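Chain IDs A, B and C follow the sequence of writing; residue 1 opens each chain.
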């Protein structure tokens, strides 16, 4: 028997379109409908009051505290303190230097979109960090020196995170190789280091590098407070990077190691030319995740007396001219951190997707 | 053709922990000989050829490759690996490099060949195996058969005197086996010394000078292909042949 | 002789030897410097300070502590407070994380989106910021004690914390404890007996609600048997503040709330990935052989999901303990704050004291990884 062709017919209205979607996702059962109402009620409890406080009743225009009269948010406070949040105690007339750093950062991100070569990206980023150091600290090319105790705010947060990323990476790679090694002493030194660091909170490492590190060196060798924090954070992060890279290394099939051996590469040639590039590719989503964590961890430096963005907000909350506006300060810094971290995690997701399609 | 032995294996013994995986192996291979090693899985045949280029280490006995002794000496290992090439069952191409880069990696970094020369050599061998047009692609974009041919080209780039094949077609879909075997037959006819661990008996019959049967870590029987397949002497070889030649 | 240097094994040994020499040299260098510097600054060494009087007050302590207590007691108080706050945060974040994790997978679009938004929000805000937010913004805006928010005239919420009646057990405390033990044993054995009965006769019994009932009622029954009744230490307003009752300080609350909300996001993700990892085919197979949704959850999905979700969850518990150290920023007296903070400022023996503090966390880490290994071993799916 031969059958006649049946043409496509449009679907019944209740199973497609908006109504279909609503039925399926929100009201498919009594329980489901109840949960939907609960969900909307919850949103109703939270969103309108916040919007009212933050936007509708808020004060955006004005000059001083006196202009913040009502119950809404006083964003003037943020406006007045923005300078300190962005630059810390950096001299006002030298603000062009950190500003250049910010602009160049944007340029860097754009450049990253176009440069494919990973090695080039790493070199570029390192050059950028060196430039940042020269610009911010000064002392070279005729730029006046700005002491590290004047650095603060978002600028300091980015510097700490950036240096942490760059310094911890090579240390982490060495540790990861060490942990994979067949040589027992190398392996146990790496394992001990990694497990020790991962077992203690960052704050204890920061205390250690703040208080104990100076004792390790002869008198007269002074350690800049910021440098101590950077050392602590770098060595801390290195242990976590090491574990991530180790995960990447373990995902590489034995055959790759064998093929590299068979064509005659030495140990370092094999690791750097064949194994590490593949391991890093696999590890990238986790690496970005750990950088997000590092960015958040920079807030801990406030405990050892450095004035990162969070510390600046805390500090300005006790300004006698602007008492009572902690809320605005904290909301502001929450939004800043959230935007940065969320953006980085979206980037990580896109990398993950790109990596997954790469494979086939 | 000289009758010099290019590979001499004497009283080779290897243990994995307590497991005696290679038992008193003695084997001499002449220059230009094509030797096929076969046997059931777990017989130690892959392990044996991996000992030749020091991918596996052995506890007793000796292996001499083209006058160099296989041992812990870094310089000697390097010299042996320049002379001995290996083609793996799972190709083991480097996925993050293009086909061309896969081939030029060793010449540039190990032999310090200038890039131009390395690329010329690479393209020559890619043409040999019929993949020249895929040079800029990545391994994952090629089929299994193509990848294996690239792997063969990669090992040819250093112009080795000895080629080891570790079940080169076992991981391929049936329709791609022929293209790889064809390349191997051509190489055999050029006079290279080849040791192949394989189940492809057609290949063995066509080009092998000698077929070796291993089981449980030991060489049970070896003969030129005609005698090997038509008049197997040992019972174990008879059983093995009946199993693999039944279809 | 030179050919020995080319031997791979020899090279390996040489390399390791060099590493050891390098390490020893480095340690010797910092060791001598440190000893010299310590001497120069008049800092003592050794652990004798642990027996000396501390001389400062600690706001909350589970054991008796006064200004006359020794530094060792300070250390004990710190460790106990760390464990207490971690315990609360772990329990609460697990419950919250479970709810959010399951909600994330709900078919209800709103619920799933809300859970997703929760995770995306709190995961991207630094934990220290969350702690400070709770402490400086939420808890600080609570009313003063005289204007507390109150429930049933016994629970009070104000800017000095949450104050609840404190039960004093006396002798009947033992009865309650015995009752709890009896309840747990009863539930365990009844469950075993029911499983056996199901194996033999095929009859199934839905024990879960009964089990919960037994756990709740038995201790109370035992309590009724006891000699005296619970005396409640009721909080009452005296002057500007409350006296009596159990006080949960704002420092404690800020730490617990922030840690709970922050950690719950990671636990939710762990649970979600556990459930998602159970292949769709498993649930389909379970329903096709006739299991009810509850049965397929209990027998097929959850056992597999838990295997995957447990290691990251336990890792998060370790993170809770480590993150409790951020209490330093708000003054909750856990070990970093009182010992590596206040006490260290007074005594000055940084190396000993920071080492002791680190040792606490290392011990916890070690216990947790031993626990993880044991769990992994128990749960290993046998492979060929």
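Throughout what follows, a residue touches a chain if its C-beta (ideal position, glycine included) is under 8 Å from a C-beta of that chain, and two chains touch if they have at least 3 such contacts.
The shown structure was predicted, so the numbers you read here are calculated from the model rather than taken from an experiment.
Colleague: How is the touch graph of the chains shaped: line, ring, star, complete or other?
Modeller: complete
Colleague: Taking contacts as defined above, which has more of them, B-C or A-B?
Modeller: The greater number of contacts lies at A-B.
Colleague: If I average the Cα coordinates per chain and compare with the overall Cα mean, which chain comes out closest?
Modeller: A
Colleague: Roughly how far is chain A from chain C, centre to centre by C-alpha average, rounded to an integer in Å?
Modeller: Using C-alpha averages as centres, the distance is 26 Å.
Colleague: Round to the nearest whole Å and give the separation of the Cα centres of chain B and chain C.
Modeller: The answer is 57 Å.
Colleague: How many Å are there between the centre of chain A and the centre of chain B, using C-alpha atoms for each centre?
Modeller: Those two chain centres are 49 Å apart.
Colleague: Where on chain B does chain A make contact in their complex?
Modeller: Residues in contact with chain A: 53-55, 78, 81-82, 85-86, 88, 90, 92-96, 105-106, 109-110, 140, 154-155, 158.
Colleague: Enumerate the contact residues on chain A facing chain B in the complex.
Modeller: Residues in contact with chain B: 253, 255-256, 258-266, 269, 273-274, 277-278, 281, 359-360.
Colleague: Quick one: in the complex, what on chain A touches chain C?
Modeller: 24-26, 28, 32, 35-36, 39-40, 42-43, 182-186, 189, 195-196, 198-204, 207-208, 211-212, 214-219, 292, 296-297, 299-300, 302-303, 310, 314, 317, 326-327, 330, 333-334, 337-338, 341-342, 345
Colleague: Touching chain A in the complex: which residues of chain C?
Modeller: Spelled out, the residues of chain C in touch with chain A are 12, 15-16, 19-20, 23, 30, 33-34, 36-38, 40, 106-111, 114, 120-121, 123-129, 132-133, 136-137, 140, 322-323, 325-326, 328-329, 336, 340, 344, 350-351, 354, 357-358, 361-362, 364-366.
Colleague: Name, in rising order, each residue of chain C that touches chain B in their complex.
Modeller: Residues 3, 6-11.
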